[in-house]
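In what follows, chain A forms one complex with chain B and a second complex with chain C.
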Partner chain A sequence: MIDLTLDGRPVRVAAGSTVAAALAIGGDGTSRTAVGGARRAPLCGMGICQECRVTVDGVRRLACQTLCAPGMQVETRP
Partner chain B sequence: MNADVIIVGSGIIGAACADELARRGLEVLVLDDRRGGATAAGMGHLVALDDNPAELKLSDHSIGRWREWARDMDQGCAYRNNGSLWLAANEQEMAVAEAKLKTLREAGMACELLGAEALRATEPELRDGLPGALKVAGDGILYAPNAARWLLTRGGRRIAERQGRVAAIEADEVRLDDGTRLRAPVVVLANGIHAPELAPDLPIEPKKGHLLITDRYPGRVSHTLIELGYVTSAHNASGPSVACNIQPRPTGQLFIGSSRQFGTSDPAVDGPMLARMLRRAVDYMPGLAKLNGIRAWTGFRAASPDGLPLIGEHPRRPGLWLAVGHEGLGVTTAPGTAELLAAQLFGETPPFAAEPYLPERFLGARDAQRTSIPSEAGR
Partner chain C sequence: MSERYDLLIVGAGPAGLAAALAAADSGLAIALIDDNPAPGGQIWRDGPGVRLPARARRQREALARHANITLLSGTRVVACADDRRLLVEDADSGRLIGYRKLLLCTGARELLLPFPGWTLPGVTGAGGLQALIKGGLPVRGERVVIAGSGPLLLASAATAQKAGAQVLRVAEQASHAAVAGFAARLLQWPGKAVQALGLHQPGYRCNARVVAALGSERLEAVLIQRGGRREELPCERLACGFGLVPNTQLGEALGCEVRAGALAVDDLQRTRLAEVFAAGECTGFGGSELSLVEGAIAGHAAVGQTARAEALLPERARWRRFARQLARSFALDPALKDLPRPDTLVCRCEDVPYSALAGHDGWVGAKLASRCGMGACQGRVCGAVAGYLFGWTPTRPRLPLSPARVDTLLCLEETALPSATGEPVE
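Coming up: the complex of A and B.
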């Protein structure tokens, strides 16, 4: 199992899980806030739609294309 | 008659012409086939270019209009008067910046030279070692599709819109591909690269460009950053070329351009060309390489042989008016284009000389008297 942090809260996922999976397991599944204020969530799951952009250890990444790693800090807000 | 004027194309040029003519009391019908054009694909950079005095006059006048209109535009138009910085990469380009400063100042425009230190303080993301830049304060940005929409709707009911593809224009009749026939005494072609389909003698060629947009990184860049090579070398060759052009959007996203390719109408993103364009931008702003690009696309500029648009009546097709060939400057120069067209149509003295933009320079001398609408006809 891998322990990481999602918006300051601890999340435990199976090894090999993507960050998109961690969003679903440890949060409400959403990844970011659109310009208009609405929350957005992973859609395509294959790196095309760009809806799952999150900040991982300070860098903008696609949650569905990023594997969870121990101690990873994932932020979905603001 | 279905309208006083039929305009083909509801991009920024068609919209500005519709707005100008409707404000003068004409009933305007705007046709668009929704193929999309440069308005939807471009950066929406309002930039004064000075390759020649006519280009500078048209762009400077138009940018002034946008600044006035911005007070009434909605938030969706995303207008910002953020200014442009023309980046000099070496002493030779710094000399070009100084010459440009002189030209723009003589035209009465607010601009200043920034030395290396001032440039670093203004845009800290730029790489070390740039000798300076020319800041053009009046330049800006907007979101052109929404600005076109705003122009088409701000005037109330005099502008009607209809979706349809024009198959042919014969005298005062416009025939759609579904067989519908529409008539108006004045027809304006404002459909950019598609104009030669309806007027094959127009010397308009598509010039392909690429753009990429990043995720949101607010506060990293404030001005639109363009390399001076954009005018001195990069885009003056006839072959494919790239130039650094980085524009901050109000959302915090960054637009990255630009590329130019002739002789292709393939809209697919050209990987090697996109890579070359991004490398060029990274040369100027190394931190770009670590940012997340979320989408890349292409568009086609409608280029005329001398880089200036064709604005006026077709010399051998009475009633057919042209507002095409704006290349990469259509969003910037839409307001001035509309004013020049309207002044000619109403037989008025234009706000500045219309001659450099007349279609006659490519299409030959006029063989019929120009169609005009007397000013008192404005209802």
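Coming up: the complex of A and C.
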């Protein structure tokens, strides 16, 4: 199992899980706030739509193409 | 210092893997680059929610045995540069990679069509849900509705069910006659018939389409229309896909020809650029079997093994017939164009509603007036939507091809950007 942090809260996921999976396991599944203020969640699952972009250790990454790593800090809110 | 390969393959799905293995015994330096964490593409995506099929495992083992194949996972192509080089970025840094021959196996993405509520959390692509589950998304005990068109809906339903979800409905927009005809002809492709039987779904309905996703903060229910009847299905997830769109962006940026929405290739999978080949679903969709044989042809051809490439042409012809059957059977009903309401968002990056686009006579005008297609996905989602809804042809992609870090772009400092104007790289 891997322990990481999602918006300041601890999350534990199976090894090999994507950050997109961690968003649902440790939160409400959402990844970002849209221009109009609504929350969005991963859509295409394959690195195309950019809806799942989150901040991982200070860098913008796509949650669906990023594997969880121990100690990772994931942020979904500005 | 400079990293250069005899053959650089972009995309490690079935086509790219088959190409690398076909070209391997030439002994040349081959690299396989892919933006996902592991090779396999969409169909053989690995993760905690997956048991890889035997063929995918064999391919990966074979890949590891060849010392002349370098696998660059988690690496995305950001731009094409001069001197036969690509600018790439991984989790840590950006760099330029050179090639003598380039093979594009960039695959296809789902056609995601807008309908009221499609931006709610809980709504994903059909292949999208499959990919997310394979990556560890938990769906056990959840109620799932799947809608759209094509055999991928059944594959998505099977994945969701295996992961413990309850699939309430699979709404296929094609008519019963079209789907039954397709199923009958599957007997010509024995492997495919077995797959189809394994995917039998009691909730499968033809001539059915999603009308709206309902909910305030997230998805709460789905409205499905079938003939004159509407049913409201409370559920946690809706997975929608309306077929596939070839990923032609990199090929277009290089100057390859696009025909009928796909990269144009000749018999040996060559594009109009002497050093660039293309194979798999970026040249038109047709399933993994077609991608595998196209990839093998391209791999052999790219390293000069023409006779071995030509020996595979009959097999490719067979799978291309299957692809044509697929396209005919699951042609989209024009009624799907009426799904968005005036306030339904079409461009999800810039929150541009249908009403802001409907009055324009082309993509460029609509884009300039509304910012449609100018967000992070660079029109990959809404450009395909506009193509379907309005018949607009999106303009050639601009560099960078995807959002990238400034440090990565600085690698281009000393190079010209030849394709900023869309001119072929020479």
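In the analysis below, the second predicted complex is superposed on the first by the 78 of 78 C-alpha atoms of A that agree within 3 Å, B and C clash if a C-alpha of one lies under 4 Å from a C-alpha of the other, contacts with A are read in each partner's own complex, and residues count from 1 in each chain.
Criterion: a contact is a pair of C-beta atoms (placed from the backbone, for glycine too) under 8 Å apart; a residue touches a chain by one contact, two chains touch by 3 or more.
For clarity, every value in this text was computed on a predicted model and none was experimentally measured.
**Q** Using the superposition on chain A described above, determine whether A:35 touches chain B (first), chain C (second), both, or neither.
**A** Both: A:35 reaches chain B and chain C.
**Q** With both complexes superposed on chain A, which partner does A:5 reach: first (chain B), second (chain C), both or neither?
**A** It touches nothing on chain B or chain C.
**Q** Is A:53 in contact with chain B, with chain C, with both, or with neither (first, second, both, neither)?
**A** both
**Q** Taking the superposition as given, does A:13 touch the first partner, chain B, the second, chain C, both, or neither?
**A** Only chain C is touched by A:13; chain B is not.
**Q** Which touches a greater number of chain A residues, chain B or chain C?
**A** C
**Q** For A:64, is the partner it touches chain B (first), chain C (second), both, or none of the two (neither)?
**A** Only chain C; A:64 stays clear of chain B.
**Q** State which residues of chain A lie in both footprints, the one left by chain B and the one left by chain C.
**A** Comparing the two interfaces on chain A, one with chain B and one with chain C, the shared residues are 35, 50, 53, 59-61.
**Q** Which chain A residues qualify as touching chain B in the complex?
**A** Against chain B, the touching part of chain A is residues 35, 50, 53, 59-62.
**Q** What part of chain B is in contact with chain A in the complex they form?
**A** Interface residues on the chain B side: 215-217, 251, 290-292, 294-295.
**Q** Quick one: which bits of chain C touch chain A in the complex? Just the residue numbers, please.
**A** These residues of chain C touch chain A: 35-37, 42, 46-48, 74, 76, 91, 109-110, 112, 119, 121-125, 127-132, 135-138, 217-218, 247, 345, 348-351, 375-377, 380-381, 403, 405.
**Q** Given the complex with chain C, which residues does chain A contribute to the contact?
**A** 13-18, 20-22, 24-25, 28-30, 34-36, 38-51, 53, 59-61, 64-67
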